[in-house]
Every structure is written in C-alpha cells, then in structure tokens.
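Following are the structures in question.
Consider the two complexes below, in which chain A is the common component and chain B and chain C are the respective partners.
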Partner chain A sequence: MAKIVIDGVEYEVNPDNNLLQECLSQGLDLPYFCWHPSMGSVGACRQCAVKQYRDEDDKEGMLVMACMTPASDGAIISLEDEQAKSFRSDVIESLMISHPHDCPVCEEGGECHLQDMTQMSGHNYRRYDKKKRTHRNQYLGPFINHEMNRCITCYRCVRYYDDYAGGTDLSAQASHHHVYFGRHEEGVLESEFSGNLVEVCPTGVFTDKAFSQHYSRKWDLQTAPSVCVGCSVGCNTAPGERYGTLRRIVNRYNSEVNGYFLCDRGRFGFDYVNSRERLLEPVKRVDNTGELLADDEIKAVIKEFSREGTIGIGSPRASNESNFALKTMVGDENFFAGYSDSESESMAAVLTLASDKAFHSPSVRKIEEADAVLILGEDVTNVAPRIALALRQSVRNKAMDLASESRIPQWQDAAVRELAQHERSPLSILSPAVSRLDDIAADRVIESLPALVAMGHQIANKISGSAPAATSPEHDAVAEKIAAQLKGAKRPLIVAGSSNGSELIKAAANIARALHEDGEDAAIDLCLLVPEVNSIGMGLMAAEENSLGVALDKLSSGAAKRVIVLENDLYRRAAKSQVDSALDKAEKVLVLDQVTTATTAKADVILPVTAFSEHEATYINYEGRAQLSFQVHQCQKMAQPAWRWISDAAHIDDLVERCCSEAPGFAKLRDVLPGENPFIAGMKVPRQSHRYSGRTAMIANVNVHEPKQMEDKESIMSFSMEGISAQKDPSIMASPWAPKWNSNQSISKFQDEVNGELKQGHVGSLLFEKTASGSYFDVPAVAAQPSGKQLHLALSYQIFGSDELSARAEPIRERMTDAYVGICPEDAQSRGLAQGDVATITPTGAPVVVCIRTGVKPGTALLYCGDANISPAEFTGLLEIEKSAAQATSRGISSLIVSDFQEEEI
Partner chain B sequence: MLTLIKDTLTSQVVTLWRVFSHLWVKADTVEYPDEMPYMFPRWRGRIILSRDPDGEERCVACNLCAVACPVDCIALQKTEDDEGRWYPEFFRINFSRCIMCGFCEEACPTNAIQLTPDFEMAEYERQDMVWEKEDLLIDGTGKYHDYNFYRVAGKKIGGKDKGEARNEAVPVNVRSLLP
Partner chain C sequence: MSQRVIASTAKKARKLSAEEIAEIEHEMTLYPDKKAVGLEALKIVQKSQGWVSDESLLGIAKYLDIPVADLEGVATFFNLVYREPVGKNVILFCDSVSCWIMGCESVKGHIKQQLDIDYGQTTEDGDFTLIPVPCLGDCDRAPVMMVGPDLHRNLTPEKIDSIISDYKNKQG
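Then we have the complex of A and B:
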C-alpha cells in the first residue's frame, strides 16, 4: 500500500494503479474519456489533468495526466487546483468544437459520458465561431447506428474493437481533425462483440439501432438485475421495459462473470419477448383449433396430469424452480432430461468432473488469467461467446509478464502492446475447421473429430505417462509442443464442451488430470461448456438414467400415458420419427412454453409461460454458479412462470428453499436470494428510476383514473419509483447512477476499487462441492470410418441462430443464415457441388445450403442445423451429401462470417 | 357602556354609508364570458405543440418535457421517419394532472411545447382532459417564430444533408490526403 495526498487529504492506495484509477476508486470526481477500466490508459484525450507537486514545499506544481501517472507513495496532487480545472475545461471546450448540437435526437442523451464530463468540467457555451467539421455516416449492420458528427476522437472504439475484441473491420481513418472511425466500406460489423461499442463510446457515435426503433430514455426504462439466457455463461444484464414491451438490454457489471462486456446475442437477442410468436393464453386443442381454457378447466387438466402414468420432460432453458416444480409433480423417477441423448452422455461426464478435486471450473475472470490455453474441439465464439472474449485477454498475459520484467505498469496500454508486439501466451486450438479465434492461436490442428479425441489423449499421455496412451503420428510434434506449453504454464486452462459428444470432454479431462498429477496439488482449470443457460441445473435435477430417449420410448410403448413438456421443443432434441411416434401415442400432451414450436403444434393443452424478463428465476451457469434473475416487468397477458401453473408453491422463495433441501447438489442455492429483508422499514427497491416520467399519462388514454401501483409480492423489488434506491445496495442494482454520473461509467462509484467487486455485491453462489477424486477415462475404441461417399460429421454452431429463443429476435434474424453444410473444396468437387447450392443430407434428406470453406478438414462435414427442422440428434458421426434440385432458400449463407469462405470463381 | 353604544352606532352608520357610496363607483366585476379579459402572452395556460417555420412538427420526442414535469403528466414515444427525422409517435398530456408550471416549456430544446394564454379548459368528463398529439399540435410557430432545431443540429434529415446545418462545413472526404 502507498499513501498519496489528494487536495490535502491522505489516501491509502495501490501503487500498481495510476492516479486516475485511484481517484475514482476513492470516490472522487475526475473527468476522463480515453481511459476505460478494462483497457488501460493511453493518455490521448488530456481530460484527466491534475496538478502534481514535488514535495510539500512545492507550491507551483505541474500539470500531469492522472491516467498516465502511477500512484506512487508520497505523491501529492490536486484536483481542485485552478490551473488544472481551467485546463480540463479548455480541453473539453476544444473537444466540443464540432459537436453537432443534437443531444435531443441522440440515443445517448441522458446516459452520455460526454454530457456528464462537460457538465463536470464547467464548459457551457461554444465560443469558437468557425464552421463545424462534418462526416458522412456508414451502414454498420442491424445492430449499430453510426453518427460520426458526434465523435470526439477519444479512440476508445478502435481500442476496444481491434485491440480488446480482436475485430479487424473498424479503424481510424484520415488525419488531424478529419479523423474518422468506421469501416473501409459500408457493411455489417463483423465482430461478435460489436454491441459493446454502444457502451464503450463515451458519446453517441455508436448507438443501439434496435433500441432506437422503440427508443426510451434511460430514466424511463423499468429495469431489474437479470441474467442473460442466451448461453451457459450467464452474463449479468439489465433489461429495460417501457409501455409494456422490452426495449433493450445493457451490460450489468459482475466482477466474476461478464465484467463490462456482453456478446451481440445477449444484447440484441431478447426481442422474442415482444414477438407475435409468444404464447399468451392457455388453450386446449379442439378439432385442430385452439380453444381458451377457463380457470376450472386448467385445474382439471393439472389434476389429470398429477395422476399415475404421467411423465415430465424438463428443460435446460427453464429455471431451476420450474424444473423442480415439474420434478416434484411427476416424481423423481418420472422426470426426464430435456436434452438429446448425446448431450445426456456429455452432461453425465461434465457433472462427474464438476465435483472432482483435481479440477477447477474457472469463471470468466479467471479464464482471463490463464497463461496457456488448449481448446479441444469447441467453437467457443459461437457456443459461449463471452468466453471467447476472455480467451482473447488471456493471451495477453505474456505481454503483461514482459511488461513487469521491464517495469512497465500494466495499465500503460500502448507501451505494453508496443513492447510485446506479437508475443502471446500460447493458445492452441484443435478443431475440425478454422475458427474465429485462430488469429490469436499459437498452434492449430484441423482434424476430424475422432482424430481430435485421439490427439487429446496423446497430449495427456505426453504430459503424464500414467494417462492412457493413444497415437496420432501425424501430429506428434505439435502434441509434444502443446504438452510442454501446458506443463510449463503457471495457470494452464483446457477448454472443451458438449457440442460434439462426450469423448472430447473425456479427452480434455484426461489432459487436465495429467497436468494435475504432473504438477503440485493445485486444481487444474478445466472449462467445460454446455449449450444452454440452465443445462447444468437441469442436469443436476434429472437422474442420469432418465434420458430423453427413455422418456420417448416409454410413451411410444404405452408405459406412460401422459407427458408434460416443460419449455422445450423436443424436435430439436431427438429424431423426428421418434418424437412423432411418442407424442402420437401419448394420450394427452401438456406443453408449457413461451413461444410456438413444433412441439406445441402437437400439444393437447398449452399453458403459456413467462419469458426471462417477466419472472424471477435462478439459473446455473457452466461453472456451477447459481445466479438470481429478477423480474423486470409484468406479462401483459395470461402467461405465468411454469412453476406457478404446476405447483402449489405460493412464492418463489419457498420453491428455492424446497429445492435446496430436497434436490441433491442444490444446497447452496439459497445463498443467491437477497435474504431477510435488509431494507429500512421494510421498504422495497424500486425498479423505476427516481426520474421515471409519464406516470400519470402513460395509460391515461385508456382510463384517466390511475390504477393502484402494481404490487410485487414476490420479490424485494417494487414496480414503482418509491422505496430505498438501489444505489444503497448495489447487489440489486440494475442500472448504475450516481450524482454527476448518468452514464454506465458511474459503475466505478459502486466498485470497491476500479475493476473490483461491487460493494455489497453478489457474484452468485458456486454450487459444486469438490469432494470426489476420479481416475483417467479410457481411450475410446476407433470410431467408424467413412465408407464410400460418407463424411465425418461435426456439428457447427452459430452465435446468431443456434440459440432457440434469440433466433426469434428481429435483429438477430437479419444476421442468421440457413442451415448449411460446410465442406472443403475437394469434397465439394468430388460431389459436383458449388458454393450456395442446395444439397440433401442423409439420413434425413433435409435440404441444406452448401458452404465451401477452405479451412475445413477434408473428409469432414460441418453441419449447422439452423433454426429449420433439422435435429442434430438424427445423425450419428457420419453423413452423406447429395446434390439436390431444390431452389435456394430464403436467407442463404451470405451473412455467414468466417475467414475461410471460398469466393465463387468469376 | 356609553362608549360601547356610541362605537357600535358609529360603526354601523359608517358601514351603511360605505355601501351606499358604492352605488356611484365603477364596478370591478368583468362580465365573463361576454366580456373577455386581456391575457398576457406569457400567461401559462393550455399547452400546445407548435410547428417550425417550415411547417414541420417541432417536437423531436426527446422526452425532456416528460422528465421535467413534476406531476409526470406527459407521456410520449419517439419514432423516426424514413430519413432520420425524430418525431413523437404519440404525445399525451393529462391536463387533469397538469399544474401549468411551465417546466416543460423551459425544458424543451426545440421550442415545440409552449404554454398559451388560454385557460378555458373545464370539462364535464375528466377523461376529456387527456389530450393527444392531434389535439395539441397547432399549425403555427406559437410564441417563438424563427427557431428551427433541425437547421441547427448536425443530424441529417430529409431535405437537409450533412454539412447543410447552420455553421457546418461540407462533409470531410476521408479518402483525401489534403490537409
């Protein structure tokens, strides 16, 4: 610890930080633009000038940039010094010279860092009377709006997009006061993390295009802390509602999970909540049309389904409470897993490994600390995008080490990058095709899936001789190298997932176990990705032998008469014929879901279920972290949380309590609840800001007599402006705000230090106890080799489209492709296929678009199932592709963003 | 006792005289509504939405009036035309809540919302005091004749390209190497 004096007051600070960081950590107001907590300092904007004095006798002092000056012991600085203040005011005056006077029609207005800083610095009137420079805007795709006139050239956008997120298509162009931030030509921003530009840009150059279409000011949005349901990472979000519709999602800081950033699926994929495909009324099927169910009929239905002979199929996209309620209703032995059988196998492996002492499941923050990474067969960018962003940061640890050696502080962003050049911590990718992380990979091997499994085991064997041996002679040298890198690392990390079966997970586990045996007793970071938001929760809930296949067999054979399907489209989980025969045979099918699916079309009774923003729920992410997501707004129609339809629990807390005591593995779930009401005089936390407008006019067109404010008996939050403001307890704070700080940059007021935990914050509760000690998995028998025209199958996923619900959001739809099969040029040629042709795949005969990619392993076909009716469960390792005469489909593959797309010959 | 009688009599006689003398004084009462009072132009009465000198809606749906309103009686929703001009999809004032404080007018960055000297707003039905944009929007510029927000702001709209707003240079050619 060091001591510094700021304006005569002594503070204890961390000498590894710079003065700006420490001023903010101490709660002082110092304006800045180019510095960002996760991107370090470059000293570009000159806004954070302070006066520094040599010693106590120095009365003159000199101006320094706080972000470029270390908080070294004994430093004496002044923020209030007149010269420093007038310097800051002059700097902002010059930054504002060409600002276009359009705050009223700017989406950033009201949460604009530039507005805040201008106010803070005291600049009011434009004295400069020459002309303002103007810029033309670009079309940047369905997510982001571009308004270059507003730019103050802080360079944050390119530092984030290029340096932090690894994008290549946004750059600074031209020079002097003509500097322009955009693409080389108009077009969709390619990065999967482009949405963060909205929050990174301190003013309104990059704004949320989808939000702008139904815009509301920040203070008018009703928000609550929520958790993203797009994938298994469980990023923390703050959705905002106005006039009954969900308007936007912004990031909510969680020091352990998502930090400051979200992926574009999470940010733009919520629109299905407002969609017309939503189920909003309980209906029963009468002669192939829906008929509204009365209350007593619903009761009768629930009673009927409570009888013997009913089975329940859970859902990895439903909350723990809903799954638990279904499990309690039908009984443990009648509760079946809601994912495919191959995923069941993977989940069994993941859950066994989760309680193993040898492994540690790293949080996103911990992933950023890894200094050697091996990705085994998983396309992280498309399966768990936020983790791909974290992996990008992990390769910078080499640069950080080099900087420490040269005694350069880590926050000196430009200097650290200059020093490191292309030096990166090793990251190796073993996969069936090139991926979006290849640009940071030290080694990459493109192989068919069985060969990747063998190679994984080979690496394990090379690390520790006690691991079972496997040979893949072709890649012996690379395997040797990767093994050495992992062995030499302080914090190695193995990433695998359930995308392509359990064998890769087992191989990854063997590598981690070999590292564990080889090294000291420390647990090895093993990050196993699962596909959906509550895959882990669902997996813990269902008995291992109760797989979906067994459930469907029970129905087809008549052993079970009725089935309750919870928030699940079975046609995505199992072969069509299998599901068809099961649902046709079942006497009665009850489906609870949010949207219409192929399964709801087969239902006898449909009960509508609320979407993620309409109910309070807990989810468990890939690392076993349970997180609580609050209700943001009321569902306008009759949808209810699934557990409310099927259980007699009065309150979600009751269900959580019962789940803790009755379901094994959930004992620590209750830690995520806010606990006994910690608030003064029992007051609740308002979901609406203290500036929420239009209260007495919003629904005055319907009835001028305002109804009583909606009550929330469920949670500690209220649907009003009144109560104890969330700023008093940031653990339930959705959108940060502090006096003078209207933008999201105000988050520093709620962190215990910059980049630290939120004060009184809640990072979630880790459920898994590390008790078991396991042993190596065996090397699998040699997989079936392709014969004739067959190809090895590798399932491929897309950030925009693979998730069932976000694929129904309008902005996401604009970025989606049709189902396609990715093959290498040689395989295409031998089958007479050209780029964009339509082909049929055997065994199902479904039409897919042919996508010829140079980076796919010859002999392997990547199958992306799209949102069409192709179930990955239909295929078993091998695939045949035939040219089809069918017409090209609607979307095609033009919006596919891969580096190895073969251009058509002209 | 005597004083009391004297005082009482005097008081009553004086009072009678005062009343009597007013027979020749000009009446203060105005025969409203036959006779309309003069209302000062800056009187804060019925709220209107004005148009800019080009005849377009001035309101850009920035929501500042709504947030300034102490009784929260203004609700609106932003929408946008094909060429980027912002305007309110709906704009609603609940006059049964309005306290005519004029904060909305003060907050308005485009001079769109203005208070007028009209105070005759009584209704038999409270529901009739909820006014929508169609009821509020007038055809003129109201009190402020010249201001046209979009001619000043650097956002491109139909009929006004980048660089055509007040005090703007022509758009930069990013590809140019000239200084």
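Then we have the complex of A and C:
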C-alpha cells in the first residue's frame, strides 16, 4: 500500500493503480471520458487533469492527467485547485463545441456520462456560436442506432469494439474535427458484442435501436436485478419495464460473472416477453380449439395429474423452484430430464467432474486470468458468448507480463499494446471448423469430432504418462506443443462443452487431470459449457437414469398415462417420431409454458407461465453458481410462475428452503436469498426510481381514478417508488445511481475499488462441494467411419437462433439464418452442390441451406438446426446430404457471419 | 418495429494489377507486418489509378488480408489519399501563414476565377483539382503551390495564367 494526499487528506492507495482509479475508488468525483474501468488509460481526452505537487513546499504544482499518473507513495495532488478546475472546464467546453443541443430528444439523456461530466466540471454556458460540424449516420443493423453528431471523439467505442472485443468492422476515420467512428460502408455491425457500445459510449452516438422504438427515460423504467436466461453463463442484467411491456436490458455489474459487458443475444433477445406468441390464459383442448379453464377446472386438472401414473418432464430453461415443484408433485422416480439423451450423457459427466477435487470451474473473471487455454471442440462464441469475450482478454496476459518486466503499469493501455505487438498468451483451438476466436489462436487444428477426441487424449497422455494413450499421428507435433504450453502455464484452462456429446468432455477432463497430476495437485481450471440457463439446476434434480428417452418410452408403452411437460418443447429434444408416439399415446398431456410450441400444440391442457422478468427465480450457471433473479414487472394477464400452478407453496423462499434440505446438491441455494432482515424501517425496496413520473396519470386515458399500487406480498421489492432505495445495498440494486452520477459509470461508487467486488457482495453462491477424487476416463472405441456419401456430423450453434426463446425476439430474428449445413468446397463439388442451394439431409429429409465454407474439415458436415424445424436428436455421428429441388426461403444464410464463407473468385 | 433493408452497395473488390502487386510485395519485405503496408499500398494504387476507389480499397484489404475498416481509417486520415476522383493535375495550394502574408489570397482568387473551382473541386473538363495544404516548406519564396509533382514559387496572378496554360498545352 502507498499513502497519497488529495486536497490535504491522506489516503491509503494501491500504488499499482493510477490517480484517476484511486480518486474514484476513494469515492471522489473527478470527471473523465476516455478512461474506462475495463480498458485502462490512454490519456486522450485530457478531462481528468489534477494538480500535482513535488513536495509539501511546492506551492505551484503542475497539471497532470490523473489517468496517466501512477498513485505512487507520497504523491500530493489537488482536485480542487482553481487552475485544475478551470482546465477541466475549458477541456469540456472544447469537447462540446459541436455537440448538439438535443438532450431532450436524445435516448442517452438522463443517463449520459457527458451530461454528468459537463455538470461536474462546471461548463454551463456555451460561448461558441459558429457553425457545428455535422456527419452522416450509418445503418448499423437491427441493434444499434448511429448519431455521429453527438460524438466527442473519446475513442472509447473503437477501443472497446476493436481492442477489447476483437471486432474488425468499426474504425476511427478521418482526422481533426472530422473524426468519424463507423463502418467502411453501411451494414450490420458484425461483433456479437456490439450492444455494449450503447453503454461504452459516454454519450448518445450509439444507442439501443429496439429501445428507441418504444422509448422511456431511465428513471421512468421499473427495474429489478435480474439474470439473463439466454445461455448457461448467467450474466447479471437490469431489464426495464414501462406500461406493461419490457423495454430494454442493460448490464448489471457482477465482478465474478459478466463485469461490465453482455452479449447481443442477452441484450436484445428479450422481446418474446411482449410477443403475441405468449401464452396468457389457461386453456383446455376441446375438439381442437382452446377453451378457457375456470378456476375449479384447473384444480381438477391438478388433482388428476397428482394421481399415480403421471410423469413429469423438467426443463433446463425453467427455474430451480419450478423444476423442484414438479419433481415434488410427481415424485423423484417420475421426474425426468428435459434435455436430449445425448445431453443427459454429457451432463452426467459434467456433474461427476463438478465434485472432483482435481478441477476448478472458473468464473468468467477467472477465465480472463488464464495464461494458456485449450478449447476442445466447442464453438464458445455461439454457445456461451460472454466467455468468448473473456477468452479474448486471457490472451493479453502475455502482454501484461511483458509490461511488468518493462515496468510499465498494466493500465497504460496504449503502451502495453505497443510493447506486446502480436505477442499473446497461447490459446489453442481444436474444432471441426474455423471459429470466431481463430484470430487470437496460436494453434488451431481442424479435424472431425472423433479425431478431436483422439487428439485430446493424446495431449493428456503427453502431459502425464498415466493418462490413457491415444494416437493421432498427423498432429503429433501440435499436440506436443500444446501439451508443453499447458504444462508450462501458471493458470492453464481447458474449455469444452456438451454441444457434441460427452466424449470431448471426457477428453478435456483427462487433459485437466493430467495437468493436475503434473502440477502438484493444484485444482486445474476446467470450464465445461452447457447450453441453457438452468441446465445444471435441472441436471442436479433429475436422476441420471431418468433420461428423456426413458420418459417417452414409458408413455409410448403405456407404463405412464399422463405427462406434465414443464417449459419445454420436446420436439427440440428428441426425434419427432419418438415424441409423436409418446404424446399421442398419453391419455392426457399438461404443458406449462410461456410461448406456443410444437409441444403445446399437442397439449390437452395448457397453463400459462410467466417469463423471466415476471417472476422471482433462482438459476444455476455452468460453474455451479446459483443466482437470484428478481421479478421486474407483473404479467398483465393470467400467467403465473410454473411452481405456483403445481404446488401449494406460498412463496419462492419456501421452495428454496425445501429444495435446500430435500434436493441433493442444493444445500447452499438459500445463500442467494436476501438476508434475514433486509428491510430498513420495515420498508420495501422500490422497483421504481424516486423520479418515476406520471404515476397518477399513466392510465388516465382509461380511468382518471388512480388505482392502488399493486402489492408485492412476497418479495422484498415493491411495485412502487416508495420505500427505501436499494442504493446502499448493491445486492438488491438494479440500476446504480449516485449524486452527480446518473450514467452507468456511477458503478464505481458501489465497488470496493474500481473493478472490484460490489461493496456488500453479490456474486451468487457456488453450490458444488469438492469431495470426490476421480480417475481418468478411458479412450473411446474408434467411432463409426463414414461410408459411401456419408460425412461426419458436427452440430453447430448460432448465437442468434439456437436459443429457443430469444429466437422469437424481433431484433434477433433480423439476424437469424435458416437451418444450414456447412461443408468444404470439395465435399460440395462432389455432391453437385453450390453456395445457397437447398439440400435434404438423411435421416430426416429436412431441407437445409448449403453453406460452403473453406474452413470446414473435409469429410465433416456442420449442421445448424435452425430455430424450429429440425431436432438435433434425430442425428447420430454421420450424415448424408443430397441436392434438393426446393427453393431457399427468404431468410437463407445471408446474415451468417463467418470468416471462411466461400466467395466467387474475382 | 421498422425494418430497413440494407441498400447494400455490394461493391466488389477490384483485382489489383500485376504491377501494383509487385510494388506492394516489395513494400511487404520492408515492414514486420501487413497492416503496416496499408498506407504504402494506398499510395501505390493511387499512383496507378489516380485515386482510391471503394473497389480498390476492398482489393487492397483483401490482398493484405487486413480489415477494410482499418484501411479506410488510414485512407481517410491522410488528406492526400484521394477517396474521390481527382483531375489530371492536382493543385496543392498553400494557404498557411507565410503564403498568406505574401498575398496568397489574391492568387487563390485568381485561380478560382480562371478555373471556376474552389477547394475540393475539379474543373468540368477534368483537368484540375484544387486542394489546400498547410505548408510546402518553401516559405522564403511564398506564395507557393504544387501542380502534380512540380513546385511553383513566388506566385502572382499573371504567373498563374501561364502555369495553367502550360499544363493545358502539355496535355495537348
């Protein structure tokens, strides 16, 4: 620690930080633009000037940029010095010269960092009365608006988009007062993380396009702390509602999980909550039409389904509470997994490994700390996007080491990058096709899935001779190199997932176990990705032998008469014929879901379920981290949380308590609930801000009488602006705000230090206990080789489309492609297929678009199943493709963003 | 929600000529990485084409395998990389301090009158484009300007007339 003096007051600070970081960490107000907590300093905007003095006798001092000056021991600085204050005020005046007077119509107004900083630095009268420079804006796709006139050229957008997120299609153009941030021509921003521009831009150049369409000010949105349900990472979010519709999602800081950033699926994929496809009334099927169920009829249905002979199928996209309620209702032995049988196998491996002392499942933040990474067969960008962003940061650890050697502080962003050039920590990708992370990969091997499994085992064997041997002679040298890199690393990380069966997971585990043996028994980071928000939670609840296949067989054979399907479209999980025969044979089918699906079409009774923003729930992410998501707003119609339909629990806390004591593995779930006495003076935490406007007038067009505020009898939060605001307790804070800080940058007021944990902690609860000591998996028997026209199959996923619910959101739809099959040019030629042709695949005969990619392994076909029609469970390891006479549909594959799309020669 | 179909220009990369490629290849031997060759490649293409069209920009980016957005950033940073067609002769007219003291404004007025163009414009016959530059480093003989590769000093309105006609005659 070091001691510095700021305006006569002594502070204990970390000398590795710069003065701006420390001023903010100490709770002081100092304006800045170009600095961002996750991106370090470049000293471009000159806004954070302070006076620094040589020693106590120095009365003159000199102006320095706080963000470029280390907080070294004995430093004496002043924020309040008149010269420093007037310098900051002059800088902002010049930055603001061409900024339009459009705050009243700007989407950023009210949460604008530029507004806050202008106020803070005291520039309140514009002297410049000449012509302002203006720009033409670009169309940037369905997510982001562009309004370049508002730009103050802080360069944060390109530093985030290019340097941090690895984007290539946004650049700084022109010079001096013409500087322009945009694409080389209009078009969709390609990065999967483009939405963060909305929060990174300190003003309104990049704004949320879908939000603009039904806009509301930040303070008029009802908000609560929520968790993204788009994938298994469980990023923390703050959804905002007004007039009964969900309007937008912004990031909510969690130091261990998402930090400051979300992916575009998470940010723009919520619109299905408002959609017409939502189920909002309890209905029964009478002669193929739906008929509204009366209350007593619902009771009768529940009673009927409580009898012997009922089985329940859980859901990886439903909460722990709803899965637990169903499991309790039907009994442990009648509760079945709601994912495919292949995924059941993978999940069994994942859960076994989760309790193994040899491994550690790293949080997103820990992933960023890895100094050698191996990705085995998983397309991280499309399966768990936020982790791909973290992996991009991990390769910079080499640069950080080089900087330390040269005594350059890590926050000196431009200097560290200049020093490191192309030096990166090793990241190796073994996959069936090129991926969106290839640009940072030191080594990549493109192989068929069986060959990747063999190579994984080969690497494990090279690290430790006690791992079972496997050979992959073609890639021996690369395997040797990767093994050496992992062995030599301080914090190696192995990434795999359940996208293509359990064998890759097992191979990855063997590599990690070999490192564990080699590395004096330290737990090795093994990140195993699963597809959905609560795959782990449901996996923990369903007995291993209770797979979906068994459930469907029970129905088909008549061993079970009735089935309750919880928030699940079984047609995405198993072969169509299998689901058809099970549901046709079942006497009665009860489906609880949020939206209409192929499964609800087969239901005798449908009970409508609330969406993620309409109920309180807990979910468990890929690393076993349980997190609580609060209700944001009420469902205007009759939907309820699934557990409420099928259990007599009065409160989610009751279910959590019961789940803790009854379900194995859930003992620590109660830690996510708010503390014993969360209320200050007995008052609840308001979901509406103290500036929430129009409460008495919001429905005046319907009724001039102001209705009573809706009560929330269960939660510690209220649907009101009254109560004690959560600002002092970040664990129940959706939207940070502090005096003078209306933008998301106010988060520094709630962190124990910049980039640190929130002051009262809110990182969720890790459920897994490390108790077991496992052993190596065996190398699998040689997989079936393709014969004739067959190809190896590798299932492929898309960030926009593979997730069932976000695929129904309008902005996401604009970015989706049809189901496609990705093959290399030689395989296409030998089948007479051209780019964009329609082909049929066996065994299902479903039509798919042909996508010829130069980076696909010859002899392998990537299959992306689209968002509806093809179930991945139809296929085993091999696939045949034949040309079809059918026409491509309108969507086609034009919005596919891959680097190896084969184009016509010029 | 409003949908907007992208009126994509769908511009295709121009295949660089063998001469351009040879020169770029030479530059590539002089720099540690391809991104650094971007500016030289732009100059090479401008030398052969007169300017850098969108198609050429795409062609260079593709040949060097660098993001076209980055290359556009370089191209637009430099005033003398022309992203719009220019005339056969580009007049770089200095209007900085020394030339201004020595009366460049009347000289510029004369050019404007004679050619009927202002800064950033090209004559209708495509012979001349007029661009301001901050300094040509020849202040002791101000006002000065360049036409193509040639430097012209101690300019007066009369001199301008002969320079213009010289270049017109040269083209025949």
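Rule of thumb we're sticking to: the second predicted complex is superposed on the first by the 903 of 906 C-alpha atoms of A that agree within 3 Å, B and C clash if a C-alpha of one lies under 4 Å from a C-alpha of the other, contacts with A are read in each partner's own complex, and residues count from 1 in each chain.
Keep in mind that, in the parts below, contacts are C-beta pairs under 8 Å (C-beta built on N, C-alpha and C of every residue); 3 or more make two chains touch, one makes a residue touch a chain.
These figures come from a predicted structure and were not determined experimentally.
Student: Would you sort A:Arg183 into first (chain B), second (chain C), both or neither based on which partner it touches?
Tutor: second
Student: Considering only the touch criterion stated at the top, classify A:Tyr139 as touching first (chain B), second (chain C), both, or neither.
Tutor: A:Tyr139 contacts chain C only, not chain B.
Student: Which of the two partners, first being chain B and second being chain C, lies in contact with A:Pro811: first, second, both, or neither?
Tutor: second
Student: Looking at A:Lys713, would you say it contacts chain B, chain C, both, or neither? Reply first, second, both or neither.
Tutor: neither
Student: Tell me which partner A:Glu147 touches in the superposition: chain B (first), chain C (second), both or neither.
Tutor: first
Student: Who contacts more of chain A, chain B or chain C?
Tutor: B
Student: Under the stated touch criterion, which partner chain does A:Ala174 make contact with: chain B (first), chain C (second), both, or neither?
Tutor: both
Student: For A:Met698, using the defined touch cut-off, is the partner it touches chain B, chain C, both, or neither? Pick first, second, both or neither.
Tutor: Once the two structures are laid over each other on A, A:Met698 reaches chain B alone.
Student: Using the superposition on A, tell me which residues of chain A are in contact with chain B and, in the other complex, with chain C.
Tutor: Residues 173-174, 180, 213, which sit in both footprints.
Student: Enumerate the contact residues on chain A facing chain C in the complex.
Tutor: For chain A paired with chain C, touching residues are 139, 142, 168-175, 180, 183-188, 210, 213, 421-422, 810-811, 814, 906.
Student: Considering the complex alone, what residue numbers of chain B touch chain A?
Tutor: Against chain A, chain B makes touches at 60-64, 66-67, 69, 71-78, 80, 86, 92-94, 96-97, 109-110, 126-127, 129-130, 132, 149, 152-156, 162-163, 165, 167-172, 174-176, 179.
Student: In their shared complex, at which residues does chain A touch chain B?
Tutor: My answer: residues 100-106, 109-110, 129, 131-137, 147, 149, 173-174, 176, 178, 180, 182, 212-217, 219-220, 243, 691-698, 700-701, 703-705.
Student: Please output the residues of chain C touching chain A within their complex, sorted ascending.
Tutor: The touching residues are 1-4, 6-9, 11-15, 32-33, 54, 57, 67-73, 76-77, 79.
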